[in-house]
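Here the structure comes first, spelled out in structure tokens, and everything after it is commentary.
Letters A, B, C and D name the chains as they come in the text, with residue numbers starting at 1 for each one.
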Amino acid sequence: MDFSRVELDEDQQRFLEEVRAFTAEHVTEEVHEHERQTGSGFNLGVHLELGKRGWVMPEWPVEKGGAGLDPVRAKLLDLELHRARLPDVTMGTTRLTIGTVEKFGDPIMVAEVVKQVAEGTARICLGYSETESGSDIAGAKTRAVQDGDEWVINGQKIWTTGAQQCQYAFLITRTDFDLPKHKGLTMFLLPLEVPGVEIQPIHTYGGERTNVVYFSDVRISDRYRLGGVNDGWSVLRGPLDDEHSIGGPEAERSFQDISIGSMFVHQLERALDAAYAWAKTPAPDGSRPIDDPLVQYRLGAVALRLEASISTPGPLGRVKGSESLVLGGAELVDLVGPLALISEGHPDAHAGGEIDYSHRFAQGTATYGGTVEVFRNIIAQHVLGLPRANYPGHKVLSQKRRESSAAVASPVPQPA
Amino acid sequence: MDRFELRYQDYSLSEDQQTVRDAFRDFFTSESPSSRVRAAEPTGFDERLWRQLSEMGAASMSLPEAVGGDDATLLDLLLVAEELGRALAPVPCIEQAVSARALHAIGAPSDLLAAAADGSSVCALAPEPVGRGARQLVPGGAVAQNVLALDGDALVLVHSDEPPAHVPNQGRTPLAWWDLAGGQRRELARGAHAVEVYERAQAEWKLLMASALVGLTEQALHIAVEFAKTRETMGVVIGSLQGVAFPLADIAIGIAGARNLTRRAAWYLENEPGVRPDLVPAAYAYAAQVATHGATTAQHTQGGLGFTTEADASLYFLRAKGWSVLFGDPVKDIAAAGRLLADELPSQTAPVLAAATG
Amino acid sequence: MDFSRVELDEDQQRFLEEVRAFTAEHVTEEVHEHERQTGSGFNLGVHLELGKRGWVMPEWPVEKGGAGLDPVRAKLLDLELHRARLPDVTMGTTRLTIGTVEKFGDPIMVAEVVKQVAEGTARICLGYSETESGSDIAGAKTRAVQDGDEWVINGQKIWTTGAQQCQYAFLITRTDFDLPKHKGLTMFLLPLEVPGVEIQPIHTYGGERTNVVYFSDVRISDRYRLGGVNDGWSVLRGPLDDEHSIGGPEAERSFQDISIGSMFVHQLERALDAAYAWAKTPAPDGSRPIDDPLVQYRLGAVALRLEASISTPGPLGRVKGSESLVLGGAELVDLVGPLALISEGHPDAHAGGEIDYSHRFAQGTATYGGTVEVFRNIIAQHVLGLPRANYPGHKVLSQKRRESSAAVASPVPQPA
Amino acid sequence: MDRFELRYQDYSLSEDQQTVRDAFRDFFTSESPSSRVRAAEPTGFDERLWRQLSEMGAASMSLPEAVGGDDATLLDLLLVAEELGRALAPVPCIEQAVSARALHAIGAPSDLLAAAADGSSVCALAPEPVGRGARQLVPGGAVAQNVLALDGDALVLVHSDEPPAHVPNQGRTPLAWWDLAGGQRRELARGAHAVEVYERAQAEWKLLMASALVGLTEQALHIAVEFAKTRETMGVVIGSLQGVAFPLADIAIGIAGARNLTRRAAWYLENEPGVRPDLVPAAYAYAAQVATHGATTAQHTQGGLGFTTEADASLYFLRAKGWSVLFGDPVKDIAAAGRLLADELPSQTAPVLAAATG
């Protein structure tokens, strides 16, 4: 056990200062305003600046386009970019998938993509979910048919966050409808700037933009295939396991967050800090909310959720983190009252609307990267060893789904 | 309070009440579909709907017939508010109804009362006494010409020909800052009765909002249930999974209880005020909890779809919290209920036998 | 809507005073001490005294052994017996089942039982659950085999609360193992004082006593059969629906509790009143816990649970009532602190240990009469109209269970 | 507090710590089976087990070698407490260890220290300063000869040759009333350091109890999971139903977090006291919540069986609450955490850029 400060040597200290100078210069209020307006989770200017320094892939060697950072420096970079609130969703999906691309892709294609990713000119989004399949990624019915040295792709993918600013989609397709569900899948790194790809925006009330992407007779070269034909599930497992990771790194002397939900929790930290700032502000009569035992309790309860969340490892922490943000965000809106309702970004909003934003943003964290229910199933089965329920569609595509696979470009989903 | 006293436990609606409820449900269903709710964003005010509703007498119905009302009770208004909430109707109907009742109770001049009753101007209610801050975020304030407020022991009407600027907010409501100490102020009454009328108006606002939240939550649940009945995962309909179904059952439990608790609280306020004052804050706080939790669960049932602005569930989610915090932190109402109940309960637990013969 | 006091006429007022005089005389501290010691939910002396007045079945006509009470008087009796905390579990199971016995039983047998029930000399316990079947009552495997004009019964029933003080068990048996699960059942009113019946106590940490009852070649006359052979499920539905009732009585001018969980809630009322008594007691310095906003909030939160519970109708109220007692009881232990841990009945216990008792007692309410999970399933299916999960054992006895039906008198279950 | 400061997040156990944990787990598994726990009811004290444990050095291990200890840290003691909780071991080990450390910290006479270290007498800790009430229900007090207490700014040892009468209680612990103002009192120290030592002992008691509650909950979960793996309803194993499995998953989540939070709180208390004082009450309150909720859920998983005294789950249920309230209302610790954190956080939210260059 060790929670001490990591002592920085002179080089590391200098590096930290360099990063802070970088964020001060580049992650400006304009960047944040752009993010508030677009919700794109990405800023091209900053991303290219990061690329110039090798900081898109900071631990890659310099010759590969990275910065060759040691783990301490990589973590310092990470912390400072978070402190500065760099919109980094698209950087995240790119980092999550590039390793698998390298491992399973055609070497020439990989060389090209690796270079572009490192310099920031290529980004990768996830092409997992479909309108009808939700959390059941292996139920994909976007169809890829081989035609000579090419593949013809038809179907659609939803929650392809960042597609509008990405050059590639990390795409799961079905190449055989007769094999068992997990066997007939093939992965591609699909270039998005080809004919037949149509990206339509979807907006969330968390302020984020995501997309639905339609594929109509999209033709791509076989060099964009990742791994073997019908072997897509084993290719996908790498990044999927990273997202869902079991056990979590409780390694000795690590300074990595142990919860895979820690990203969510950062937002709760901001909301809690905003609530404390409110609670410590004296009224005209000198009284402060924080002097009220009930306010102490309620702030303490949210702080407890937060501390419990960052202490909860792996996929358990993912559920706890989301739940803490969902419940904690709502509690803080109540506590601060009407002032907390004023929309993010409005001049009257307390602390820039951090609490309003948290309550809205929170809801997405219960879904993306796998719903909390998917994770509770994982915990029940893999941590507790409880038996898996025997659903009819575990192993096969349901009849209904196979039939509807004929449909190609569905309209934008109109939920209920 | 005697917990073993024989009282009716009658939560049922009379035929007239059912007629009122059905009429407003039909009206809101046809006139306030989600497309219209969206069109009224961000201010949350649909002027045409407001005129239609005023013609139906929604705000004036609980005034005496003599002043243009229908003699409806607070309980009748609860039914209207529930339907308003179900449809997320973008109209300041709760504010207006409560203000009109208060103006009548205080014996306000007939011109004021008439304007409130026919909807030609909007009158809102200050959430807090002016003593706790003259600059207040007033629900409905961005479309109101008048705000009823309590300053010391004086009930005042603050007027502004042009309502102040709308403050964009999570609940998409016509919220605006009003300076209740300045501007054109008219004192309507002063003294204990004035304070009482203001506090009664606050209580009524909370009960009507509680009803609106019940209706809101029930519709959010309905959307989620319809989705869960048809959406499949792994070859089964998701509504057959306990991980989906049990949270939805819990919302249904919350709705049923919050509705009845609100009705009971309103019955006491109207018929035996002072006997169970704890029930008003309890009902309001419970409805706020049920709405927050229910709308959260309902949108989550739809997975990613529920998180999109396209989904009607999102409209319900944003208003669940955005409406229930308009009058301030509802958790304070739980503390208020706890404090009020202390005066209603004995200081010592009675031995069983003493109670039995008491 | 109406929550006004029911105005009593002179007769009703006199009746109320009569009942109060009765409870003062008969439901004494000795009765409560006996209940604390035995947890039997029954007091023979009081029960026979009630029988003398026709108050075991108060709404039955006098000629049938009842008191012919109108609904107001019946409810007054009910309220005063609850106020006096009469242990009434066995009276409850008797009342719950006697109507079905009358409807489906042999007329001569019924006449005899009805007389005894009314005078208090016969009581009826429930013989539903079995060690292996839990909430799945229709999965019963206690076997009844016809032998001429008699039935031979082998098997066991658990949670037969009150069996030690009852003359009859309202018993569900399996008479055909080959028919679909709900079709091969037959109901009996089994006299308990026959050879081959063995009653073993089970104690709960709520302080209650319940039982497991073994049947070894128990022979009873066919006159104790209720309804047709293999038609037991339709016989059972009456009392089961009463226990699980959907919709609930929201009738006009009713003074009945609308929640079927209201019985649980009475205990939370007692605990809350005890906590208020504590909170209103001044410390030596004059300060009272109730003056602390955090204490106000916490008591208010429990009160809110309570008021919400009694406002929640039917089966919904059953779930809410149990949950409120489980959570509210725990909250009140926390609030009052170590003093609330002192065991019920100990002289130092605050308010006689009402809070300690509530926290323990609460847990049973989540199970008996059907678990809260069973009720959530009922609500999901019958209130919300959600589809029922398709479990393999809905319609048939599982193979495993059919095999184990060979076993007769199992030992007392050792959970886990 | 700088939320973006680079610190290790190392929750792992050293090899030595794993050895300690395994040794005590083995010991308690073989020497404190549920039969022995039941046999020690209602007082919750098994004298033979206490002697065995004292021989193993459980109470003295964290004293310096010079005074008969093993130089073990508070973190090491947490591991012992977790195993004690897992087995519900009926011994006042937490009280003794905390008192021994406090006696050493205050420089108590060697005879006192030796008695505490070898277990020949039991020393308990008063839950509250005497100023808040001289008559206190002392955990372990029914088997203790000494109670360490704070009176004003004086650390005192109150002695009684014969411990006072056991007060039967929900948690089946050796609780007893002590009059800490009277009897044989010995003043050990006075002043700021005495107060500090007492408060440190309180904090250590809470952290060790938090660990015991984590172990307790984990074993309750284990019992429930084993049941859920085999018990069938409607032809399916109940553990495959989300209505059963999800609540169990939530217990696992709570246990993992409470364990790590307790370790982190203890690390700060031991290594950087004063930097994160909020973590001690937060960890204690969280462990109490997790234990209460976890033990409730665990027994409920077994349905009616879990509610019987025959079921081991019942032992866990009664102690979950019965242990976590011994030092008073754990909810007050949440308020304490909220209050303490106010001093650790800035009064204003820093603009992003200012923070970045700060």
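Quick note on the criterion: a contact is a pair of C-beta atoms (placed from the backbone, for glycine too) under 8 Å apart; a residue touches a chain by one contact, two chains touch by 3 or more.
Treat the numbers as computed from the prediction; the structure is a model and nothing was measured.
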{"item": "Contact-richer chain pair (by C-beta pairs counted) among C-D and B-C", "value": "B-C"}
{"item": "Most distant chain from chain B by Cα centroid", "value": "D"}
{"item": "Inter-centroid spacing, chain D versus chain A (mean Cα positions, whole Å)", "value": "38"}
{"item": "Chain B and chain D, separation of their C-alpha mean positions in angstrom", "value": "46"}
{"item": "Touching two or more other chains - residue numbers and ranges from chain B", "value": "236, 241-244, 246, 331, 335"}
{"item": "Chain A residues counted as touching two or more neighbouring chains", "value": "293-294, 296-298, 373, 376-377"}
{"item": "Interfacial residue positions of chain D with respect to chain A in the complex", "value": "3-13, 75, 221, 225, 228-229, 236-237, 239-242, 245-246, 248-250, 252-254, 256-258, 260-261, 263-264, 267-268, 271-272, 278-279, 281-283, 285-286, 331, 334-339, 341-342, 345-349, 352-353, 355-357"}
{"item": "Chain B partner contacts - residues on chain A that touch it in the complex", "value": "129, 132-136, 139, 158-159, 202-206, 210, 294, 298, 326, 330-331, 333-343, 346, 348, 356, 359-360, 363-364, 366-368, 371, 373, 376-377, 391-394, 396, 398, 400-401, 412-416"}
{"item": "For the chain B and chain A complex, residues of the former touching the latter", "value": "127, 137, 167-171, 175, 177, 223-224, 226-227, 231-236, 243-244, 288, 292, 296, 299-300, 302-314, 317-318, 321-322, 325-332, 335"}
{"item": "Residue ranges of chain B in contact with chain D within the complex", "value": "241-244, 246"}
{"item": "Contacting residues of chain A [partner chain C, same complex]", "value": "292-294, 296-297"}
